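Next up: the structures, one after another.
Next come two complexes built around chain A: one with chain B, the other with chain C.
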Partner chain A sequence: MQSFFQTLVSGLSFGAVYSLIALGFSLVYRTMGLVNFAHGAVLMTGAYLASTFYLSARLPFAVAVPAAVLATGVVGLLIERVLRPLESKDVDLMLIGTIGAGTVLEAVAILIWTSSGRGVPSPVRAAPLDVGGVRIPVYNLVVIAVAAVTMVLLTLFLQRTKRGAAMQAVAMDPEAATAVGIHVGRSNAVAFAIGAGLAALAGSLASPMLFVSPTMGDSLGIQGFAAAILGGFGSIPGAIVGGLGIGVIGSFAAQWFQGYSDLVTFVVFTVLVMVRPTGVFGEKTVNRA
Partner chain B sequence: MSRHLGAAALVAILVALLSIRLTQFRDFQMAQVAVYVTAVAGLTVLTGLSGQISLGNGAFMAIGGYGTALLLLHLAWPLAAVLAASAAIAALAGALVGAATARLHGPYLAGATLLLAVALPSLTYKYPGVFGGEQGLNVTVSAPGSVPLTRWQAWITCGCALLTLVLLANLSASRIGRNWRAVRDDEVAAALAGVNVAWARILAFVVSAACAGLAGSLLAVTTGLVAPTDFTVTLSVALLTGAVIGGLGSLAGAVWGSLLVVLVPTYATDVATSHGLSSAVGSNIPVAAYGVVLIVVMLVFPNGIQGGLRRLAARVVPSPRRDEPVPAEMNNTAVRNASREASHEEIPKTPARRRARGRIGGGGRRLRLLEHERQQQLGRADGLGAGDHQQRDPDR
Partner chain C sequence: MIRRSGAAAALSAAAIAILAAACSAPGSSSGGSGGSGSGGSTGAASGPIKIAVVDAQSGSSSDLGQFEWRGVKLAVDQVNKAGGIDGRKIQLTLFDDQGDPTVGTELARKIASEGFTAMLGTAESSVTLAMAPILQAEHIPNITSGQSTKLLKLGSPYLFLNGPTGLTYDSTLAKYLVQTKGYKKFALLTNNDSYGAGEDSAFTSSLKSLGITPVAAEVVPADQTNMTPQLNTIRSRNPQVLFIGAEEAQSGLTVKQARSLGMTAVIAEGAPAGTPLFLSTAGVANADGTIVSSPYLGNGVDAASKAFAAAYTAAYGTAPELHGAKAYDGAEVMISALKACHACTGLALASAVRAVHRTGLLGTFAYDSQGVGIFSTSIGIIKNGTIEPVSS
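On to the complex of A and B.
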């Protein structure tokens, strides 16, 4: 029972990270109808920036992470600007465009930071909490809390602010949004930048739990993508539930089926998606048609 | 049909002559391109014709590759039988995957197939006794007579690639191909017209998986080794990249796409090393350059390379039917597509419904609006034949 809860705790903390990644995917998807295949590479860029600010510039972690989020947001804006001519065209083109952008980011990251990768020491030095024999690292709680606060803020932004409402409008109907004076391109840019910022947040939060390397974006990106699908692409509660779900499934699969946990995760995922072809919470963009 | 065969025979002779003139390394590259052409052509049929995206065709290649290695190792079958059997095994796997994902669309389908590509290679670690674990399995083939091995491999791979292209070209011009296009453009309408949508979708997966399996088998024969690191997600992404960048739905595009995906990284590496860059820089500048090429090609040729070439060709040699008056209510695309359909050319996909449903596409309404405006402009220009010359579609 103890090991069960131990696995659950680690699954939930990774799940919180996956939720953040899935949120980035979902936000871009619901606004632009696009699966951003550069998301993993953007995440990796964010993690490297945060670790550079934290380790080399010796900024406190709580400053390094927001700085990295902002810087990565700018990277997101840049990518969106380059790819904007493709937005009005077939979405497969945008797909390849983002794959190209991701490739460039990864190569540039290796050029700057070399391919060897780096470990990031945990910024929280307190001893793990002991709850009934289950050891909970304090940093994992911080990660879960930060992820939760971010999701609340994002929801408030989308529902309570003018810019957020405009983005929702674009998501529902780009033409009608244009007709009432919303700049669709700008709205897409904001969505892309926020998505990049979320990826950077996820990457920098995950870096003390994992290892920062040029390939970290691939595996984390795929997990986040799976999480977004599981919850229902474009849905915010879906991203949260999907992320936690993938985290917990992956954690138990790694515990019980060492060596081929990927395969088990895949089978569970496929069965779930076969039962619910548009995710647990359903597609958020169907009302576009 | 005979047209396809004739073209293939011509290309086969050219390839054979070329392979004799080329160095060993170039022969190897030619074989690699042919492997990609085989797989990308299959993916073109799946994504371009039947409208299903797959990021998991690398997994089918793995199945074909391992099938080849095991058949050669344990049963020592003749090569032709091994190639056919590997394609058949992969086709079976494709049927399973196609059936499992028949209800999925857009990002869900992309994700499920992507996870297949992630998960399948881990089977080799689970059963190292059968699949050789991380080291993989050796594949040995011998060339007949005095033909150098690389040239023999180039011949086999190019032969299989051409055969695949001919078969797929015939298939896409047949009833089955029309059914796929119908399903891609509008599932409901296709079902109402009597097409069995689920079967069409699964069959597309089977065909595509068979091609990928054959390609994996050819890859194993060319490199002499199958290992899990040969069949990563990167391979699957490269296949889709080749299909889209060449021009989705066009088999000629599959050839352009494969050439680009295989040759650009090698060429960029050659340039980087010849300029004496250090190894860290020299090995990553080409990767960055490849990414930039992807973006630039998409920006310049939104219909893929094949679409771009076709447009250029149309500009140089204006086709006679362009001069015929276009009825105002018929849109330009429809006319062009109808004539393409008649001449068995591939149609660049214009599935407005598909995109508008917010599948992997979205923003469909914007597209439809654009198309509508274009039609109106064309209608005005053609119907009234007056003024507004600046507003005409630059395409015409």
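On to the complex of A and C.
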């Protein structure tokens, strides 16, 4: 039983990171009907920026992460601005544009930080908590808490603010939203910036648990994408549930199937999606793609 | 319909022609160092001696690739500065295999088609395993930094190692841990690529020969970054020693995650544990006390390593480590062979490599029929971010 809970804790910690990634995917998709394939590369950019602020500029981790989130949000705005002309032509062109943007970000990261990765020391040096023999690294609790607060704030933003309501309206019917005076382009830009910020937050939080490298966004991006689909692409609660689900499935698969864990995780994922193609919280409002 | 059939036939013919051209003996084109029949030439060619260096320059293994390239280049620069071989300079060309065996096979064909005399690299057994059959078919001698015992099973007369096999690393390590330190409870965490599988097999058999059965043996995918589920299983068995068989970044990450779970087992590992990438990923404090089996424990062990370190630091502004030293030794072996056979090629060059007897940074090279030239390692311990030889 102790082993079960230990594996669960590990799965939830990484699941919280996947949830943040999935939230970014879903937010852009529900607003623009676009799958942002640059999301993993944006995550990597955020992780590098946070690690640079933390290790090179010697900023406290609690300052480095928000700074990286803001800077990466600007990167998201730039990507949206570059891709905006394609939106009126064909969303598929925009999708290909995001693949290109991801490639450019990886190349720029190699130019700036070289292809060698870097380890990021944990900002929390405390010994792990021992709860009935289950060891819980304190930093993992910090990650789960930050992810939870972020999800609550994002939900409040979408439901309680004028800008959030405008984004919801654009998601449901962009023509009607335009007719009532909502600037669709601005909504898209805000969605891209917030999505990039969420990716940066996920990457920054994951860096002390993992290893920052130009390719770190590849595997994390795939996990986050799978989480978004599992929860219901475009759904905010779905992203959270999907992220935690992929994290926990991956963690148990790693323990029970060892070298075949990736295979097992994605077989389980495929079966779940076959049973419920729209994911756990199939989003009905998204129909722009 | 007829026009469509005609076009299809023309396209098919063109495709077959292209395929035929692609499949025609790429090594037959004569480059700077001459042809490469199975018997080899004895060095009548002129112009530079073309040697390919294949190592990852991008991706997660790029650190290794850069260490390797610097080591090779230093040795070649030195011999070129001294006049070259029989008046001919060595011309190095660096190829990026991205740590990917598929890219490696493409590069092997490219090297053959462009008339390279020999190849140095790669840093990874899995890439060398993919390239070796092509290089053997094209009669191109290769000195690799790979250490998997699977390389020996290929039985290629053209393939040589620039260091000991994984079995040597691991049997030395196991003997030290069991016989000198008296540890009895071992756990293994290895990855599932060629290197990790080789380490798993070598360390397990080394323990078995000492009468020890591991209390846990966990395997992770080579690209896995969260090792905590497997570490949880290992922790529940309470081992005294955790042996890691994975590349630098994954090893460092494993140590970091093990310590974050409160695991206090002694960490033991082969060559990856001595590298800067391992230390930066694990963190200096987490890596402290790690027992390392390596044929190159540091830059100040003897006069040769001091001279090498001084030259390397002067050239690159940074201190060398094991991989740079291995690659330097491999290049020196190749240079010695080329000198001995007057820049011959093919099987003649492979025979000359096998005949080399020289003392390098890693020890005295004396190749056996399987292409292994070094048969021992030393044991070190990481203290404050540097490896120190253990007293016994």
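Odds and ends about this structure:
Quick note on the criterion: the second predicted complex is superposed on the first by the 284 of 289 C-alpha atoms of A that agree within 3 Å, B and C clash if a C-alpha of one lies under 4 Å from a C-alpha of the other, contacts with A are read in each partner's own complex, and residues count from 1 in each chain.
Operating definition for what follows: a contact is a pair of C-beta atoms (placed from the backbone, for glycine too) under 8 Å apart; a residue touches a chain by one contact, two chains touch by 3 or more.
None of the values given here were measured: they were computed from a predicted structure.
Contacts of A:279 after superposition on the shared chain: chain B is touched, whereas chain C is not. In the superposition on chain A, contact of A:262 is made with both chain B and chain C. Applying the stated contact rule after C-alpha superposition, one finds that A:46 touches neither chain B nor chain C. Shared-chain residue A:10: touches chain C; no touch with chain B. Measured by the number of chain A residues touched, the leading partner among chain B and chain C is B. Judged by the touch definition given at the top, the superposed model places A:82 against chain B, while chain C stays out of reach.
Of the two partner chains placed around the shared chain by superposition, chain C is the only one that A:251 touches, whereas chain B remains out of contact. In the superposition on chain A, A:110 makes contact with both chain B and chain C.
By the touch criterion defined above, A:224 reaches neither chain B nor chain C.
Counting contacts by the rule stated earlier, residues 110, 114-115, 259-262 of chain A appear in both its interface with chain B and its interface with chain C. Considering their complex, residues 47, 53, 100-101, 103-108, 110-112, 114-116, 118-120, 122-123, 125-126, 233, 237, 240-241, 244-245, 248, 280-281, 284-285, 287-288, 290-295, 298-299, 302, 349, 355-358, 360-367, 369-370 of chain B touch chain A. Within the complex formed with chain B, the residues of chain A that make contact are 29, 32-35, 37, 82-83, 85-93, 95-97, 99-108, 110-111, 114-115, 173-175, 184, 218, 222, 225-226, 228-229, 233, 259-263, 265-267, 269-270, 273-274, 277-279, 283, 285-286, 288-289. Remark: chain A residues 2-3, 6-7, 10-11, 14, 110, 114-119, 121-122, 127-128, 130, 135, 137, 139, 209-211, 213, 215, 219, 250-252, 254-255, 258-262 touch chain C in the complex.
Put simply, chain C touches chain A in their complex at residues 57-60, 62-63, 66, 191-192, 218-221, 223-230, 232-233, 235-236, 249, 252-253, 256-257, 260-262, 277, 280-283.
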